[in-house]
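Read from first to last, the chains carry the letters A, B and C; within each, the first residue is number 1.
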């Protein structure tokens, strides 16, 4: 673990990505703990639509709420959605992929065909349908994003799991009397961690992007709560009057996704056996 | 896009069109190019309820009477009309010059056939309920129509000023062609209609109402209002209809564009549900009314683009809002009322609103939430997709609801569904008292305009005071036009009939 | 090859799954075409009127009957009637499709036209300043959501220059080529930029991989020039991941780009599907989702084929 961290810190994009993601997490936690300049819901309606100033560093929105405070809360909201959805998708995908590879036959066929059906939809379309059925909201967008990403995790896990299953050491473990569940959890997981970790980081970037897109369409986080996409969506018609409403959340989304992408890159370089060999 | 470039593009387009051999007639100078965001959904004037359809059909069809810019009843197909003193017979004289687009004159037989169709259950006419008092129709001669009513019904006359009561040719009804071919008697003939894309109207040279100012209207459907603004800027459009106040306010910033505003009949309202605790208490409802700062909501959610209003929104019946109960915010009074009702510490409730319908709903809910917090009411906002909202609203399944409800030119037709004992939306209103019902019934039978006005002024005051709903304001209907467009008169019901008299310079 | 064969066999099965899923999903959405059309006025309908409307919208039968009818129609290329447009669903889709197709092609063109040369260039200058610059550009490009780029472009154009691209109605290329390009260039750039970044990154790393492979080294040692090695030997192999990636992306784009269409107010497939869902236009939702899924799967199949054709190792030796 320590070696892994050292390598990550040696990797320049790993360093930058790590700093960004860490900073965002700290901001989100601080906002949750109430450490925002103002109450993000407090409406100073006399001061509405004011540009950046000393009192309001990023200006105020149409209700006179402090944009910086809302941005901080919004980052937390967006991260909450990103982490929970990817967590659920990774868990469900791993479970489905492993069982499909392990039990094979009918179950494998069933699971994989179902995944084929889900993958036949462009991702955003699938999310839209899902949200239409369940109704918009934060929890729904978590589920929708998880739902869309599960097939990808399933595939990522099933492939290596199949080839690992065919390998000798699983057989060997089996002859030495290890129980099935032990084999599954210990050996397979160890050899799956690498691709999974990379996929998770990439999924986080994608999830952040999708959350902001859904909120932008009015289908994600609902007001008066705040999320980066929602802030952008509110800014569209006020763009010419109050450009700061567009610029700050736009940058925040961009930098957040950049952080995950950089981190993902670094992880891939470090964990991917092929590039590891190349480095050695 | 620079003007020079536009010209080059246009020239290029013309060349290409020529090459392809498409028959692009040189655009006549007097054709009005118009844009709107929502298209008509059908051509049957009796069945359409969507504003977007009605706006189109008003140019093609005509009712017996029409409502002018102040919503006063003025002649259309009928030149004169009289109510019998008991308000149980209504007689119309038709304009002898009136002709349908197919050349046939408009006769009393057409009027009778049209109303028979509207009153027939099987037609599914949108506003059938408004004409339900018609018991029989006599046609003593070609020019005279007599409506015999089952009960006194003064609002009927105003209700007839809707395109939902348009007169269509009896022959077309018999042929079952209403809704497929648009044969009316109005200032324009519908040449073609491509749903959600465009329609072409040609001036009706034989229109009995006089000479139409333009040769025709080309209407484009641009589903996004920002796109309409862009088209106005690029001078691709002479005249446009706008709904979004945020877009409309940008219009005057563009040189050469004029924005027309007209307060509309539909009203933004915070509906309370007086069948749910604690809104059952008069004092609680009044406290909410006193805690709401209408001007503040208007300024925030609509950027001030509207007018504060009581329940009655039509110009003749509108009262000065300052005379109504608690129309200026009074927090001390609100707190005292809350304490009187036993809710000094406030309570929690949920307010529902539809996403994007109206576009201001979410913003209104948020300001209301923040205002009611001041008297200890903790409001949870539940935004719903429009269909879900409608379902919930119709069931009356809410504590409070932010709504934009449609208005009518006559107070009785506008509110009998909510504020009479037999109203078919009583389930939504959930409040009725004898005074309201009594005033409504009186208003229905009174033929003297001055007395009607008094009756409805009392109704207005009483409704604001018992506060089942908190009326907020009406928005504006916006039209935007280039400098070359002249003579358009907007009306509060959003009608575009004024286009008949518009000229292009 | 057997893999492709299996894909072909499961194709109709997957489509059937898609049809069932979308049919059920849209019906699970609360509300129906009647409330979508009338809004709160729906409360004033009499039971007879309701009945008549239900019959008109085809809602007066059980789900299995509705599905069976629809499926039979689909098999004879009849996707049903859209209630919002009053036209056959296929007509509505085919009206919107040219815009979506053109937008997809243009942004692919931009992405590959810029991304591929940039990636190859960066690979040949590994670890130098220019390589770093390209990588930073690619990283930022890949991390910027297309709708953020679109909004910024619109803001700069409208606030800075007071101009906006023509929105709302699609100008077909055949009617007005310049107008058409003027209308689509910004949306294509918006859509293409983040994909340009992906192509740059993929082609760079693929190129680096191939350059370190044995056969390239052999070719080099046999005296082939550097340029010849890059363009003749390395590039075709480095193309494989680029083709795969582009294919998948193209498949996505053919499903419409909801956000970019929304921002530039373009009548493409993506917004049509979203509107159809909001309008509860069942036939249109079903038809268009089926159409989009079909495109998507065909494109993916073609990508797999291209994969087999391009990679000499697979072509000769078969997949292990």
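In the analysis below, a contact is a pair of C-beta atoms (placed from the backbone, for glycine too) under 8 Å apart; a residue touches a chain by one contact, two chains touch by 3 or more.
Model, not experiment: these values are computed from the prediction.
Asks: Give the chain pair, either A-B or B-C, that is connected by more C-beta contacts.
Replies: B-C
Asks: Tell me, please, which chain's centre (mean of its C-alpha atoms) is farthest from the centre of subunit B?
Replies: Taking each chain's C-alpha mean as its centre, the farthest from subunit B is A.
Asks: Among all chains, which one's averaged Cα position is nearest the averaged Cα position of every protein chain shown?
Replies: That would be C.
Asks: Averaging only over C-alpha atoms, locate the centres of subunit A and subunit C and give their separation in whole Å.
Replies: Distance between chain centres: 22 Å.
Asks: Quick check: how many Å separate the C-alpha centres of subunit B and subunit C?
Replies: From the centre of subunit B to the centre of subunit C is 40 Å.
Asks: Averaging over Cα atoms per chain, report the distance between subunit A and subunit B in Å.
Replies: From the centre of subunit A to the centre of subunit B is 46 Å.
Asks: If you look at subunit A, which of its residues touch at least two other chains?
Replies: 132, 135, 240
Asks: Can you list the residues of subunit B that touch 2 or more other chains?
Replies: Residues 226, 385, 388 of subunit B each touch two or more of the other chains.
Asks: Enumerate the residues of subunit C that touch no fewer than two other chains.
Replies: 29-30, 278
Asks: Of all residues in subunit B, which touch subunit A in the complex?
Replies: Interface residues on the subunit B side: 226, 244, 246-247, 250, 296, 299-300, 355-356, 362-363, 365-367, 369-370, 381, 383-385, 388.
Asks: Tell me, which parts of subunit B touch subunit C in their complex?
Replies: 1-2, 8-9, 12-13, 16-17, 20, 22, 35, 41-42, 49-50, 121-122, 124, 126, 129, 195-197, 220, 222-224, 226-231, 233-234, 236, 357, 385-388, 390-391, 393-394, 403, 405-406, 417, 424-425, 428
Asks: What residues of subunit C sit close enough to touch subunit B in their complex?
Replies: So the residues of subunit C touching subunit B come out as 29-32, 35-44, 46, 48-49, 52-53, 84-87, 162-169, 174-179, 182, 265, 267, 278, 280.
Asks: Residue numbers of subunit C touching subunit A in their complex, please.
Replies: Listed in rising order, the residues are 10, 13-15, 17-18, 21-22, 25-26, 28-30, 139-140, 142-145, 147-148, 151-152, 154-155, 158-159, 212, 251-252, 255-256, 258-259, 262-263, 270, 273-274, 277-278, 289, 292-293, 296-297.
Asks: How about subunit A: which of its residues touch subunit B in the complex?
Replies: Subunit A reaches subunit B through residues 41, 43, 45, 48, 62-64, 132, 135-136, 218, 222-224, 237-238, 240.
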